[in-house]
Every structure is written in structure tokens, then in C-alpha cells.
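Below you'll find the structures, each written out as C-alpha cells.
Paired with subunit B in one complex and with subunit C in the other, subunit A is shared by the two complexes that follow.
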Partner chain A sequence: MKRWCTSFFPWIVCLILLSGCAEKKILEEIGLITTVGYDLEKDNKVKATLVVLQINPEAARNIDVIASKAQTSKGSRLDANLKASKKLQSGQLRVALYNEEISKKGIKPYADTLARDPSISDLIYIGVVEGATEDLLKHDYKNIPDIGQHLFNLIGQLTDREQISNSTLQEVRQSYYSIGIDPVLPLIKRSGNSIIVTGNAIMRNDKMVGKLSPDESFFVKLIRDEYRTGSIELTFPVKDIRGKKHKVTTVIDTIKSSKKVKLVDKTQPRFDIDLDVKGRLLELQGELDLKNPKNIQLLEKAIGLKLKLEAQKVIAYCQERNSDVFGFGETYRSSVRFANLTRKEWHQKYRTMKYGISVDFKLIRTGITE
Partner chain B sequence: MKKREIKKLLNKDVPVEKVQQIISDIPLNSIKLKELLIQIFHNTSDLKFIKFSNLTLVYIDNQIDKHELNKNIIGKLQKERTYTIPEIVSNLAVSDLEESNEIQFVVLSILKGSAGVYIEGEKKIILAKIPSENSRSITKPENESQVIGPQIGFNENLSTNVSIIRKYIKTPDLCNELFLFGTRTNTPVSLLYIKGVASEELISRLRKKLRKIKIDGMLDSAVLNQLINDDYLSIFPQMLLTERPDRISDGLLNGKIALIVDGSTMAILCPMSFLEFFHSREDYNVRWPIATFVRLLRIMAMFLSVFFTALYVAALTFHYEIIPQALLVPLGESRSRVPFPPLFEAVLLEFIIELLREAGARLPTKVGQTMGIVGGIVIGTAAVQAGFTSNILIIIVALGALASFTTPSYTMGSLIRIIRFPILFLAGFWGFYGIMFGFCLTLIHLLRLSTLESPYMAPFYPPRLKDWSDSVVRLPFNLTYKRPALTRPRDEQKYDPDETK
Partner chain C sequence: MEVVLKIKSHYLFNAFLIFFVVHATQIGVGVQGFQRIIFQNAHQDAWISVIISGVATNLLVFMIIKTLELYSSTDIYGIHHDLFGLIIGKLLNVSYIFYLIMSFFVVLRNYIEVIQAWIFPELPLWFLSSSMLLLVIYGINSGIRSIVGIAFFSVTLSLWLLIFIAYPMKYANWKQMLPMFEADMISLLKGAYHMTFTVLGYEILYTIYPYVKEKKKVQKFAQLGVVFTTLIYTSLMVVSTVYFSGEQLERTIWATLSLFKVVRLPFIERFEYVAITYWMLIILPNLILYMWSASRGIERIFNIKSKNTIWGISILTIIGIQFFVTRNQVNTLNGVFAKFAFFVVTVYPVILYLFALVKRKLLKKGAS
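Showing the complex of A and B:
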């Protein structure tokens, strides 16, 4: 009995005395920031637009959009608190958006403050907005009751379908901090009463330097990492076994890809890129007799060639913009001993980098072709 | 002189040894015997004496079977002649005959339902056991029902209960040691084990524990269970109480030891590890994938029952970050009408559920059914509409209550319901840290517990990998041919695994 008392007594005392210390954040008593958008103002101040979820069964809408101005992003939250009836908390933040001006200036300070806040998940999505984020978030959409949820679902489903690269805070920070790879962010735009993803913003370190269309973005992901269930539409000419030329459009899905990037020349960086792509033929527009297996072989070759040409175009564009979104620098860094690569050095080397690319495409299924 | 001593003895508490020393002799004369017995029984009205020829019959009216007394004892003796002890023994048509020259033994036997036959001038009394059978018939086990398996439960009669076990295990190796407990109730308790299977050391440990008990009354095995637990302060049951003879038989075959208390419908099985409380005999009657599924379900239900409400409270009070986006609006909407903080709301609802359960257990069966309906309506609908609780919490609390009833052992089930309250408070004060703290504290306690000085958390701590095949899961019989090491069985193998598929 005595042993029991002496071992449990301190705990019970602690429980009673210290229980007042934890800060309570009861769900219905706080305003949950679900989305945040940052715009650069002319006086170098930051304008933050917060989408706040305030649950009230009587209200027509659960969300409230608050705009506030301050020098820093956390300061803007303090300012926004003046306009909210509930204490604003950012633990449910799902999407952070930056407009183009901020992105061109560098998003690192803003992304860092998100990462430093322990209540914010590392898996929030980051995106770049064409136009003002305030306009995007404040617009009264006809069919979108909750803009925050809509944006999160939009980016989430595109990431799951592998139509855009993964742009979580964790991923972006990882590619920012590792030398030899640059982040890619989705580009979002309001168009009338809907929100569309217009492609990818390519970055140099943390600054936006160029834009890629969704089709071009496909090749970034193809070389940057691997596809498990991607899909793409391609239009290209193909010669059938009789030597007749067709112009066909194909849609290929459940693309599985693997890549092999090899550094062949260290002094003047030169890479060999081997892409192994497998896919299912979903749709074929054009006259091509698929009953003949030889035609299929020709089609595979033509698709491989098309992929190669497109990839070359995208790499050339990124080289011109000096943004290594493909991660060639990582391969360089891991192949060269004592490289001591810095960002600046790599970006200089990247501009003049040479590469050879070969694509091996295989159709795993063509479907019934009666 | 003797009389005075006896008188003194009966008024005061005197150690048993001394009593034996003083009243070991039977007086040589029937009148003296009558006087002595009347004194010992304090002139009780149901103590009867019948005298004819040189015999005196003594019995307690309500304890014996009248019909048997008339037919097999009085009917077999002739009033005209005198008898000697061997003559009586050969004349009486009673199977259970004993002779004794100790008055204490005689008194006890008479209390248990024997009729004493005294022959004038002899130093012995012949005891004919003809107790009245007033136990109820064997019925289905009320608290531990099974779908597939025998539908037989213990009743309150020790000999019936032992005979049911003997029906399951017909071997001379099944040993039955009798103990008497209670200085005032004199309750017989049977210690059952299978020689050659059960570990002698465990048996002697249990015997030692039993011998230490000094108590005046032993009315139920649940009391004995608490008296022989290793840690009497712990909230966790360390021995199984069950009313299923098949469960006991299964335990005996696995090298466990059983205790059956006269007058109790529950038998004690020990040693029991924590996990075995979540096993049911039915697990062996159904095919192994089904048994495995059900066992996993029970373990999950235990965690659900203990932690689900606490998780709700912690998430809503401190950790709004972890609530999935799709749940934010429904959770917030149901909470926004409730005027209390989450902790108070949850404790209130848990309390109401416990009230319902306790009321359901205490109320007469006829009222009990309406109780469920009333409770369901009161809590389910009215409380939400009045804005007392959120309907999501009702789902959670009801789920927790339901889950706690999946545990086959009732004692373990009620423990699970109790233990969630401290966890709930910890969650309300400290959030997830509190839950983790409570969990760790419980785990440390469980690891330190022992059952009959064997580890309580076996086979996980200490890890006994072979026994895992019949713990959280139940693998097919050819993989579970070994008896669990918890009981340190003398015969380790149940059967040949190669021949049993």
C-alpha cells in the first residue's frame, strides 16, 4: 500500500497542478485557416488573403475570406485576427499560394515560415498563381462553395493522377535545399467562374523563371522521377508496313516509366538518359491497322521517337531558363567525387550541359481492335 | 470439567487445533451425547434425535433427504433388536458411510447433510450421507454464451460441477484436492489439475496461497479469486472466472489449474495471461481464419473501447490539426451547438451509458428490456436535440460501449469500461500526451503484473515466439501442438503435429 502511494502520489499531484497549463484550442472556438495566398504589393508589403473555415450551422457559407497587409506572413495573420470573430489558427492549412511577383522574387522566406510552424503539416500543397491570389480566393464562384477545399482537392487529384509533379511543402523544400535539383510548382489561374491548372512553374533555386504547359510538364516528371500511372496525348506521323504515312493521335495511359541517367563526361558535363516507358493504348485516332503486330511495333517506335523529340524540346527550354528541374545536378553530384558543388557552379555548368537521350517505348495492351 | 471446557470453547474463538484437542472424544452415553450436541448447536430447533433400541439417530431436519432417511436407514433397522457397528454398516442401504470418533467431524458431517447413528456405549458414530438435493438443474451459461460449442454451464453444486469436468476429462490423472474455507461457512473448494500435465511447482504455489487464507466466510469463487491474486491492488483480473466447463477443461488440458467453490457458478482458472482473457473456447470450434479474425476483432475492440472517446476529446480540445478535412465541417457543426467543453461532454455521455448498463444489470428482467428502449431514445435523440451532446460523440461512445462487450470475460470487459475514464481525463487535460502517458502507465503496470508468479504479458513479454501462433491469432492445429509455456507444462506436446492436419 505504501509503495503504491509513494509511486502514484507525485503523478496525481502533477496531474492536478499542471493541468491548467496546456493551451486549449477547441475546434468550434477557432477559425481554421485552410488556404493562404500571398501577393506582393507596391510598397513592398505582403498582402495575405486567408480562407477561414468558421463552422456555423446557421450561416449560409462556412468560409470567410480575409485579406490583410503586413511586412511578414505571420504579421499578416495578426492583422487578419482583427477582422475575425474567432482566434485564427493555421493548423488546418492545406494550400499556400503565391502570385508571380513573389515567386519571381523568391518564395523561400514564405515557405520557411510555414515549415517552421509545427502545427502546419509538411504535406500542404504549394502553388503559383497567375494574376493576384486575392482575386482568385475572393471571387464568388458559382459552383464552388468552399474555395479552400476545392483547391486542395484539385491539386490533390492532379498529383494522384500524376498529371502534375508532387508539390508538397516537404517536396519543394527538399528540392530547394538539395543542390542540383530545382523545384517545380503547379500554376493556377482563375478563368471566369472556374479555377484551372495551366501547367508548371519552373524555378531556379526559389525563384520562378519560366512556365511549362501541362504537356511539357509530362517530360519533366518523366526524367525527374518515375511514372506509375501517368497518361498523355500525342500527335505524330507514323509509317505503316506498306509504307503509307498516317498522322495519328494517341492517348496512352497507365504509363510506367523508369529512367537511367548516367554521367559520361565529368569535365564538360554530358549525360546519357535512358528512358524505359510502358503504357496502354487507350485511344487511337487515325487509320492504322492494329491487327497486324508489325504495325504495333512501328507505332511503338514512332511514339518513342515523338517522346524523345518532345523531351529534347523541354530540356532545351529549361536549359535556356537555367532551371534544372530534372535533377541532373544530383546525378552529377553523386557521380563526381569531391565535387563540392554549389548552386551557382551547377547552374553555370547546367547551361552548357550536353546530353544524349534514348526512349524505349512499349505498348503493353492495345485493346480489342475488331 | 470437559463440559465446561467445551462451553467455554463454543463461546470464544479458539484455534481449531485446540478444539480438536479438547473435543475429540465422543461420550459413552446417548444422553450425554445429546446434551453435548444440543450445546454445540445452541439448542437449534432443526436438530433432531430419534431413539430406538440401543440406537440414537441424529440429523438436521432440513439438510437431509427425508425420504432416504425413512427408506434406507430407519426402514432397514428393526426396533426389537440391538445392533453392533458392523451390523449397522451392513444393514444400512446408504452408499456413503463413514465412522468417526471425533465430535468435530461429526458436527461438520451433520451440517453437510449426514445422519449420525450412535450405538449406546460405543466410542464411534456412524455417519450416513443423505444430503437433500436442493441445487438447480444444469442450464445454459448465462453470461458467456457461444454459438458453436456445448451449451452447458456450472451450477451451484460442487459435486455436480466436478462431475461435469470429469465427464469432459475421463482420466485417473485428473486430481481433485479438497480444501475447506471459512471458519463459519466451511465451504468446500476443489482444486483440480491433471497430473503429468500441470506443473507441480505451480500447484504447490497455489496450495501455499490457499493455505494462507484465513477467512470466516467464503460465499463465492469471485472472493477466493481476489484473495489469491498476486497483486491485490491491481485493477486487472489475474485469474479467469468462468461458468463454462469446457473452458475449464480446455485450461486443464493446457496445464492450468482450476478451483471450484461450492455454491458458486463460477470456477477459477489460473494462471491466465492478459491475452487469454480475450480468447473464447469457440475460437477452437470454428476454423482458424474465422477464429483469427474474431480474435483480432476483439483486440481491436479493446483498443477502440479504451481510446476512441479519449482520442475524440483530445483531437477536439488540443489537436484540431489532425482532423481530416472531410470531417471538419460535420464535426464542427455537431459540436457548435453543445455548450460544454469536449471533456465534460464525453464524461457526461460515458456516465449516462454506464448508468444504463448498471441499471440494465440490476433491474428485473421484465423491466430491463424497456430500459434499453427508454435509454436509447433518451440518449440517442433527446440529448442531441436538447443540445447536450453532439451526435458524433454518441456514435463514438456507443461504439466504445459495444466494443467492451465483445470481450469473452465479463471481468475483463468491465475493467475496460472503467479504465477508459482515467484515460479520458488525461486526454481532456493533456491531449495526446496524456493518452500516451496513460497508455504507458498501464503498459508498465501490465508488464509488472504476474499471474501465479508467471508473467502476465506472456507470450509477448517475455517473448515466446512459439506461443504467438495461438495468441492474437489462432493458426491451424498442426502449428499449435505445443502447450503454452506460461503454465510450464510437464508434458509440452499436445499431439503429434505431423499426424494432425
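Showing the complex of A and C:
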């Protein structure tokens, strides 16, 4: 008996002490923040708009949108708590949005506070909003019952289909903290009663410096990353086997790509970019006879050329904006020993960087008809 | 005090369990966030520093066991007594016990820091420490064989956590490992020096050695345990280097735990909470073995029953922990402890081995 007491006594004490000591978080008593949007106001204060999901069977809508103003992003959450009937918790945060003014000033302080908070996941999406985020989040959409869920699904779906680059908090922070690669963020806009992704915002370190359309963004991912199942629409001229010129528009999907970026010149940075792209022809508008395999070869060449020209345009634009979203600096840093590269140095070099690009395009198949 | 210990056979345990004892004591709180300190010194070559420290640990373990093998069955307290006599021996023993209690304290405080920073910021120190301490007391009271069993289960039951290191690899940027071998020897060694806090734990051999049944096999299994630890540390270092970008890693306090932040399972979205709470199982053998070694020492030197000392140390710990409330204080504590520990676990074993060797030689000469 005595032995039993001495060995189990601590356990029993533990059990009694441990139960119910920590702060309780009962689902019905908390408001789950699913989306936050930050706008920079004229007085330099930050306006936060929170989409709060509440579990309340009696309410007609279980979404509440609260806007509040403060000096900091977390301060505005405190302020928002004053307006909420339930305790606000950020553990279910899925999307964080910033308007263009904040993005131009730099998202680092805001993204870092998100990462500082252990209750926030590293896999939340980060995006830039054209216009005010408050307007985007507060608007009463006809077909969207839950704006937070909608935004999360929208970005998630586009990321999975590889139409936009990954923009989770982890990846964005990884990019702006590394030397030689700049982040890309999805650009989101409200247009009437719907929300659309209008392309990508390109950054220099953590500051937004330009915009790319979805078609242009394709080339960023092509060089920065790799495609496993991408798709794109291209319009270009092609000469068929008889020498007749056609203007065709094609849609290519299930694009698989691999890239090789090599540094050829260290002193005056020069890169060789080799892109190997494979895809399926989904649609072809134009008079081109695909029964002839030689025409397909010509088409492949024309697509390769078109991709190359477009890629050059996008690189030129990003160079002009001085945003290395392609990660050339990573290649430079990893192939030059004792470079001691700094972000500033790289961005100076990047402006005048030279490159040669070659694209090898292959059509895997043309669908089930010819 | 007797130098050679005669342990009753029902207290002895099999030599292969030494593998788990050494490994379990090495892996503890250091592993949660060693990456950034090593990275600050050796940058992308930090993994080399980790391997260097691993090899050094192998050598030290070799020396520790060689020292112990000079006596048939004894612990560090007996060796001190034999080598340095009554007074200096006692002094050294007391300082070694002080080291053990300090490691115990540091492990406990750091784990509580993690719990407070990640999960329950509002829970008071006394509460967390006393509930952990009750568990530790319970563990020690059940005897050495149970303690070794706890170490065994702590290792085997937490192996599955390693699988989840594959998740962050999805976001790996392997270019961050390049260019390799850029760091010079000094920064690599500096990195290895800062590994001390993470690799220590093998000094437990000094106190647990007499309890091993087949003493000849200790060397083999202890070395294997150290190699396994180094393997885990190296892979964690590589994964962290490719997952975080340089400055990001330098800002991440608990990189290993942050790695778990991208694990998302269908039935649990935030895996790091599971990992952190599960870490208790990894910490437990650390705490138990350190406390056990300290109480053993006190029993050997002062003849005080270890049951009483355990409670004494526990109460002192709860009082002492109140002086380390802020992150800064914990950091200072870790810094001081790391320096002290570096001396105890890397410099001192060499000195002790040399002393023991010389004494053995002199004795032989005197005999012949």
C-alpha cells in the first residue's frame, strides 16, 4: 500500500493540477480570424480589416468583417477586439493581404510579425491587393458567402494549377531574406461582384516595384522554378511547309519544364539560360494542317521562338524595375566563391546583367484528334 | 568512500541499452534550435561543423570509457577519490555534481521556455516546473533499470518524428548549400565549439558505467549512439540550410521546431504543437538521468539517501527557476552554461584520462 502511494501520488497530483490550468479556448466563444487585410492610411496609420468566422447557429451570417486602425498590425488587432463580441484568435489565419501602398513601403515588418506569432501557420498565403483591401473584404458579394474561404481557395487553386508562383509566408520570407532572389506575390483585385487575380506583383527585397500580367508571370515561374503542369496561351506567326504564313493562337497545357541557368562570366555577370519545355497542344486557332508531321515541327520551333521572345521581354522589364524574381543572384552567389555578395551589390549588378537564352519546345501530343 | 563499486546483479542492465542512454541524453533541448548559432559562424558549411563536433564527441567518448576501463567498475566520483585523494577529490566531486544539477536546470528551463513561447504563454514557471519535476521524481524512484527503460522508449517512440523532416524538403532550395567549403577552418571550429550545448550528454557514461552488465561492449554501443546523434544533427542542419534562407535562419530561434510548421496532415493542421508537446518524452530521460547522476553523487560522497536529495534538488530548482523569467536571462544562462559545459565535457575528460593513465603507470613502476 505504501509503495503504491509513493509511486502514484505524484501522478494523481499532476492530474489534478494539470486539468484546466491553461487558458481555455472554446470554439463558441472565439472569433476565428481567417483573413486579414492591411491598408496604409494617409496619416501613416495601418488600417486592418479582419474577416472573422464565428460559430453561432443563430446568426444568419457567420462571417463578420471588422476594420480598425492603429500604428501596428498587431495593435489594430487589439483595437478590433474592442469591436468584437468574441475573443479574436489568429490560429486559423489563411490569407494576409496588403494594399499597394504598404507593399511599396515594404511588407517585411508585417510579414515578420506574422511569423513571430507561434499561433500563425507558415503556410498562409500572402498577396497584394490593387485598391483598398478594406473595400475588397467588406464588399457584399452576391455569390461569395465566405470571403475568407473564397480567397484561400482561389489562391490555393491557382497555386496548385501553377498559374501563379507559390506565395506562402515561408516562401516569401525565404525570398526576401536571401541574397539574390526577390519575392513574387499574387496581385488581387475586386471587379464588381467578383474577385480576380490580375497577375503578380514583383518585389525588390520586400518592396513592390512592378506588376506582371498572368501571361508574363508564366515566364517568371519558368525561369525561377519548374513547371509540372502549367498552361499558357500564345499568339504568334508560323510559316507552314509550303511557305505560307499563318497567324495562330495556341493553348498549351500540362507543361513540364526544366531549366539550366549557368553563370558564364563572373566579372560582368552573364548567364546562359537553357529552357526545356514540353507540353500538350490543347487548342489551335488558325489554318495550320497538323496532319503533316513537318508542320508540327515547324509549330514547335515557332512556339520555342515565341517563348524566347516573350521571356526576353519579361526579363528586360524586371531588369528595368531592378527586381530579380528569377533568382539569377542565387546562381551567381552559389557559383562565385568568396563573393560576399550583399543585396545592394547584387541589385546593382543585376541591372546590367547580360544573358543568352535558348528555348527547346516539344509537343508531347496534340490531343485525341489531329 | 569506496572506489570500486559492487553493484548487485539485479541492478545491472544490458550493454546495448547504453546506445539509447547516450543518444537520449544527447538529444534534448539543444537540438530544437542549434542551427542558427552554427550558421552564424560557418554559414552554408555549417554541416561540416556539425560533423567535426560529432567526430570530436566520438573521440571524447572513447577517452571517457578508456578512463573508466582503467578501473574495473567505478564512476567519476570513485575516480576522483582515487586520483586526487580525500579533499581535492571531494571538491571535484562537488563541482561535478554542481555541473549535473546545472545541466538539469538548463534543460528544464529551456524546455519550459519553448512551451511558454509556443503554446502556453500564460502558464507560470512554478507550475510547469513542478509538474515536470513530479514526473522526474517518479521516474527516479522507480530505479536505474526503469530509468534506462525510459531512455529506450524515449528514443524508439520518437523516431517517427524524423519522418516529418521530409515535409520541409518540398520547399528546399539546394542552391543555398553552395558554394561548398567556403568557410575557413577557424569558423568551422567555432561552429563546432558552439555545438557543445547540443552534443553534451555523453558524460552520463561517467556515472552510469558501473551499472552496465557487459562492460566490454560499452565502447561499441556508446560510439554507435554518438554516431546516430551526429547523423540526426547533420541531416537537421542540411535541411535547415536549404529550407531557410541565410538571414531567415539567423532569426529563427527554434529552427527544428519551425521545420515542423510546414507539416500539414489531413487530421492535424498544425503539427508543431504535437511535436513540441511530444518533446517532453525526449526531454524526460535528460532530466531523469542528470538528476539521478547528481543524487547518486551526493549519496556516494555525503551518504545522504538519494530519495531525500531528489526532493531537495527539486525544491531548489523551483526556487531557482524564478530568477530566470525573461528570454534574455535564459540566453545569458545558456551562454554561461555552454562555456562551463565545454570545459567539463570536452576539456576535462582529456585531463582526467591523462591523470588516470599516469597514475596507472606510476603504480606499475612502484609494484615492479
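By our rule, the second predicted complex is superposed on the first by the 357 of 370 C-alpha atoms of A that agree within 3 Å, B and C clash if a C-alpha of one lies under 4 Å from a C-alpha of the other, contacts with A are read in each partner's own complex, and residues count from 1 in each chain.
To be clear about the criterion, a residue touches a chain if its C-beta (ideal position, glycine included) is under 8 Å from a C-beta of that chain, and two chains touch if they have at least 3 such contacts.
Fair warning: this is a prediction, and the values are worked out from it, not measured in the lab.
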- First (subunit B), second (subunit C), both or neither touched by A:N62: first
- Given the touch rule stated above, what does A:S121 touch, subunit B (first), subunit C (second), both, or neither? both
- Query: Counting only touches as set out at the top, which of subunit B and subunit C does A:L158 meet: first, second, both, neither?
  - Reply: neither
- Message: Just checking: does A:G91 make contact with subunit B only, subunit C only, both, or neither of them? Give me first, second, both or neither.
- Response: both
- Message: Touch test for A:Q149: subunit B only (first), subunit C only (second), both, or neither?
- Response: first
- Scan A:I357 for contacts with subunit B and subunit C and give back first, second, both or neither. neither
- Message: Quick one: is A:A70 in contact with subunit B, with subunit C, with both, or with neither? Answer first, second, both or neither.
- Response: neither
- Query: If you lay the two complexes on top of each other, which residues of subunit A touch subunit B in one and subunit C in the other?
  - Reply: 11, 22-23, 91, 121
- Query: subunit A touches which residues of subunit C in the complex?
  - Reply: 117-120, 122-123, 127, 130-131, 134-135, 137-138, 141-142, 171, 173, 175-176, 178-179, 182, 243-248, 251, 258, 261-262, 264, 269-270, 272
- Please name which positions on subunit A make contact with subunit B in the complex. 1, 4, 11, 15, 19, 22-28, 30, 32, 34, 53, 55-57, 62, 89, 91-92, 94, 119-121, 149, 152
- For subunit B, which residues are in contact with subunit A within the complex? 233, 315-318, 320-321, 323, 325, 328-329, 331-333, 335-337, 341-342, 426, 429-431, 441
- Contact residues on subunit A for subunit C in the complex? 6-7, 10-11, 13-14, 17-18, 21-23, 91, 118, 121-123, 170-171, 173-175, 177-179, 327, 330-331, 333-338
